[in-house]
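Two complexes come next, and they have one chain in common, chain A, joined by chain B in the first and chain C in the second.
Let's look at the complex of A and B:
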């Protein structure tokens, strides 16, 4: 029970820290970026909405800071993030919900895919220690893990879209296709997702391969692996249920910890490909000084990371009986 | 992951604690550089980093042109004058790349330094202070770790456009320390209760002093890793920020070059190198840090280093004139001239040196000796359980088990006789049982590997063997960590009995337990052995433990057999001075009180065994010849003993009279 409570405290504190950061940054930064943004709203939104925006950015509030803070917390809790300037007069929350499925589909699926594939490759390279795969892959992936995501995105656009013309250059779907659940549309969406997915996969898979390889090598020196050999188990059985099952546990923790990094890269990939997800919208909002939308998207990104960590926690509890007993 | 030597598994280290301590110390100082020079990835990393450092320091001398001067035709292709062509503004791309190096390098080192300083401060103090301070600091670390840094920086930069270099460094540094802090915290926690820190505390040294002078030096590789990791991420993030236009658009940096290239659609407009080369530079500088990081991981974690045994360097063997035991088909096991060598970073270490012995059906053989004398290695060599992943290899000799030489069997052939015909019990069941599988599952996989038993039969057999070791079968569904130490140990023994094998090889199966539990488990093992009739090889460093249970004793010293004979006879009249010392080191259960003498000194470093008799430096009876001539294994009173004092039918006691008067101080110590 203590373990669950501690994790719960961690999630709440992280969420609180993110919301508070949102609240504090506009108040701490010099200049009047927020003020000039507010001017653009004047006369376009009703007084009530304007007041909520004023509280969010600390402009003309005539209130004490703690009061502003609690009003802001209340607004956030009810999902009131204000009106978007970029997509005026749509509510920010509506825009966010529209972008979310694109990012979950692209970044979510590729990240999980990269983790699963990378973990498997790492396990096999460590198991065949000193083999061809083991000599070749680690140095290659040390290099790819140092590739800037956006640069690889640029290169793949140049090669596969501009030079070879195999795949579309940018966007989430062709503007001429009708948006519905037809095969044509789904196929179009898939075709548009290949290049960005490839970019994310190539740059993020290296990390999982290398950590899983090193975890497995450490696990292979454990007595229980020697015991499994003493028992005369088949090699693949030792690899899966003795080496793999134990080596993946620290990798799951690593998954949770490096999500922030993956998300950062994914934002740039969406930007380069003009992919209509949360990351692209996030950078659009920055460019348009649409701070209300930006704040909401920032929170959304952190919520997504926390949800993924929760999933990693659940997977760890499922695979490791020792964590279960700590609950 | 951990400091040098800390992850060496128990019972498999070739050379005992002395070398481990030495290795741990070596990991810090000048040998770090030697290790770097021997690691290919480290060499590549250092070379790349040096290259960029030179560019960053002397761009004016190296670059052919002023990077900002718009003096050439726009969009030129690569040529001898412009290696990488020109930009859409007619600037020389090569010159821009060279001048851009400085900013990336400065960001990398500044952010790396800042983040590492915070990581050390937070990580070490959290672990060292403990309690509430640790709780709060760890929570902060974890929160910062999961907050995606890049979006946060973008949020900050959104309010302050065109953030300067200083802002960038401070923000990246202030957010990039959490991973390092987490690693350093757990490393400090593992060090906290080590002896040298206890000693410092007892000496009354201040916390601050202890942290700076005692803890930090042992974590050099982790601190370096933390620096490299932060530097890598700083290079990537800074380039990303500048690329999306959140940096100073007039600064000279790779990220800014990419920003302008993208804005001018360089890729579509055939100025491909304008967009490619800055990315190549970022990737190469990043790769320099990534390679170094990876290399340091390898250097600090011995398990990651691979060593191949160079058989030609196992020194040429001398003929020691082995006492030849004739082949005997009644024997279940015959070990002949068995040698095992480990690869180390220097010469191979011979951890088992030409060991001979045999074992009859149902016989109980005790193998005794101090830690680091090679007895565990001997066991694993017999069971064919040396590397991989450990680097130990059988270099010569035979292990004839029921008529087959196991050394020459293939892995597949070995697999068929494993567990059915011989099984293994290890020192610590906590480590030897798979922590994520239930006891039942671990029994089941062994049964499935060797028989067509139905799951019903497997379940009933599992229950049966648990009852044999007096464990309630209800514990079949338990995970190892849910059992007590004694129960785990019994469960492992039960597992070894699944097929009632002819031979069970036991590596100190009781030494993880307290004295009372040790006794009762020992009695139970003996009862099982008498009832089921298996032969056993039982390794222990506690001679008194096996005295009532073993039929014969094999005394090992420094990788060699020192003495081999009937337990009763060996206890009554030990021949080898080492056996005498071992017996005197343990209190006798019966008989008159005698002073416990023990053996002065430590077993030798097997990488450099002493000349002549390996025991001579510690032997109270050593004569001058002992330091020169390596003794043979002699047959004396039906036992085997490796001691020069028994040459030509002489006895140790004859020499004691001679030498008692003239024991040199050197010989005594």
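Let's look at the complex of A and C:
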């Protein structure tokens, strides 16, 4: 119980610190929102209109910093994130909620897939150390992990979309498809996600394979594995229930953290594949000094990562009694 | 374990076959709709918000033109030739201080209600009540607007003839019966816009806007194209790829190496880049060394503009001339003798500096007091063509003994520095120009556009100020006489050539690619009936009316 309470308290303190940093950092950036508005609308806005727009946006309100801070805290608590400068006059929450499913779908699913596949391959190759599989798969995937992501993405677009014409080269779905819940639309979305998912998978799986493989190798030297073999259990059973379950524990925290970071989007993926996710929105908010959008996105990442760490801690505590308090 | 693997394999197989069925229906849809629809490729670096408020500068290009319309169409490629649009006629009176528009009858809004002069009056009253909507500063020159039956009368504070372009050609007319019930038009999203234009907003998602034909459009029989697709692109490559494959037919893209990438892919692929506004070196006239006209003149003679155009801009942007007149678009305004005065002549540059008392030492000229002619030039790092152009300029100036160091900044920092005058030299082509050279020259030379160093100036970033020039610009604004206008422009050209406040290098163009396989009616060099880029408002609405399926 004390363990849980301690963890919760730690979580809250970290949350407060993160929220405060979230408030301060955009304000420490050079430039100011008014000028970047002027630049965005260059030639199409006269200075008087610009001034009026500034007032409408709430830019340059000349409030004192502490007062702004408490207003910000209040708004965060009530879930009010304001109007986005980049996507004026849409509310920030609306824009983020629109892009989030695409990111969660693509990046979330591929992260889970990469973890599952990587762990499986790591486990199997460690069990059959020195075999053909072990000689081929880990080196190949470690090399592909080292490739610059955008290079691999561009190469696969060139090969699969342009040269061979098997898959579409960009977008979340085709331009002429109507957006509804028909099979045609869902199928179109899946088709458009194959290439981005494939490239993410190929570049991220190497890390999981390597760590799982190393964990498993060290677990295989343990006494209880020897005991299981001596008892005469089937090899697959030992690998799965004895070695695998223990080897995966260190990876859980890593997996939880990468799940938390899913909501930050994969900006390179979205850029190369023109995918309508959250990562590109992030870059735009920084370029346009769109404090409201930036803060909302940062907050989302903070919350997701912190929650993920909390969940990982809880899971590890549940699964591995060795990590609980020594009483 | 094996069972799990087999199961996973089966699921994967099923998913891919099922997804490929989606493929079959998708491609069928594409081929059958390509004849009655046109797809645009214009990368804006963002997904759509599906807002269509025509007074919101970031989404105005998506509704002003096809949905909302203007009073008179002003052709920027024909020096401002006008075509009556929602107004059936217009006239100046009272020493060019009163402008009267006769409003066309028989026009309906897309919701069926009748369009009248009351809507025009309401639109301008709306701009007065909410300055944030008055993007073109119409009310800085207007005294009053009133309605007399089917006529709308504009009274100006003083004669402002060039404002005809902004009031008649650049103001979208909105319906009174909808906008009068909107509480805050500045923050209104306007997701279902009601306009007089040839298209209605059919469907919008963050990835694509679909426009459908307005069956009650006032120009009978038009438009001939039923649907317009406007996809959103966050980067250039997918947009260029859609043009090259023929999936998009109308492009407004900068495509490097366009011959190999686009033109060679099909005989139906065409391009035209009409020059519109200069890309120039802006010189901070408040800088102690740069305020010496000899230094500026020497720089103007030292730069080989055609080389910069060929290497920095792939030859897409023609070289400028020092008069600031963009040719061939505005050739009728060009003073040929003035244009010939400043050409590429490094020997003359050296002669000017020597005659002004500068001495060369260590390959670089120095002022009599010993300061080197060494300057920083700021540039937008993300514009690779501008970066390349500045590199060439750097080597050319080095050859005559002027040293410049390029600073490639992010566009946020760059804009802040340019607007506030915190630079020595800046490479900039971000003026908006207009349908005649007057507009660009006014942006460059009118002192009221400028601001002291440290305050943001909307244009005239070089901080040029001369009451005689201001008087000339005001004089132009007071006349509709073509001969007077020509004479004034020639005087302004003389200012550009003799004073050298900025050095125009290349002529910025509209990027334009078009595919003639299934659609005709495109703007061409021989028939420049509108500005051809999809981001030009309201020109793209005019272009959509001319397009029709082949055969």
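Observations
Convention: the second predicted complex is superposed on the first by the 239 of 327 C-alpha atoms of A that agree within 3 Å, B and C clash if a C-alpha of one lies under 4 Å from a C-alpha of the other, contacts with A are read in each partner's own complex, and residues count from 1 in each chain.
Here, a residue touches a chain if its C-beta (ideal position, glycine included) is under 8 Å from a C-beta of that chain, and two chains touch if they have at least 3 such contacts.
Being a predicted model, the structure only gives us computed values, none of them experimental.
By the document's definition of touching, of the two partners only chain B reaches A:210; chain C does not.
With both complexes placed on chain A, chain A has more residues touched by B than by the other of chain B and chain C.
In the superposition on chain A, A:271 makes contact with both chain B and chain C. Of the two partner chains placed around the shared chain by superposition, chain B and chain C are both touched by A:162.
In the superposed pair of complexes, A:79 makes contact with neither chain B nor chain C.
Of the two partner chains placed around the shared chain by superposition, chain B is the only one that A:246 touches, whereas chain C remains out of contact. In the superposition on chain A, A:87 contacts chain C only, with no contact to chain B. With both structures placed on the common chain, the touch criterion links A:174 to chain C but leaves chain B unconnected.
In the superposed pair of complexes, A:289 makes contact with chain B and with chain C alike.
Comparing which residues of chain A touch chain B with which touch chain C, the overlap comprises 30-31, 154, 162, 271, 287, 289.
Within the complex, the chain B residues that touch chain A are 1, 7, 9-10, 41, 139, 142-143, 145-152, 154-161, 179, 182, 232-233, 236-237, 239-240, 243-246, 258, 262, 267-268, 272, 275-276, 278-279, 282-287, 289-291, 294, 297, 301, 303-304, 306, 380, 383, 385, 388-390, 414-420, 423-424, 426-428, 431-438, 445-446, 449-450, 479, 481-482, 495.
Residues of chain C that touch chain A in their complex: 1, 15-16, 18-23, 25-26, 29-30, 33, 37, 39, 45-47, 49, 51, 53, 56-58, 60, 130-137, 140, 186-189, 203, 205-208, 229, 231-235, 237-238, 241-242, 245, 247, 410-413, 415-416, 419, 430-433, 456, 458-459.
Against chain B, in their complex, chain A makes its touches with residues 9-10, 13-14, 17-18, 21-22, 25-26, 29-31, 33-34, 129-130, 138-139, 142-143, 145-152, 154-155, 157-158, 162, 210, 214, 217-218, 220-224, 226-234, 237, 241-242, 245-246, 249, 256-257, 259-261, 263-265, 267-268, 271, 282-283, 286-287, 289, 291, 294-295, 297-298, 301-302, 305-306, 309, 319-322, 325.
The part of chain A that touches chain C in the complex is made up of residues 30-32, 35-36, 38-49, 51-53, 55-56, 83, 86-90, 95, 98-99, 154, 162, 169-179, 183-184, 186-188, 190-191, 194, 236, 240, 270-274, 276, 280-281, 284, 287, 289.
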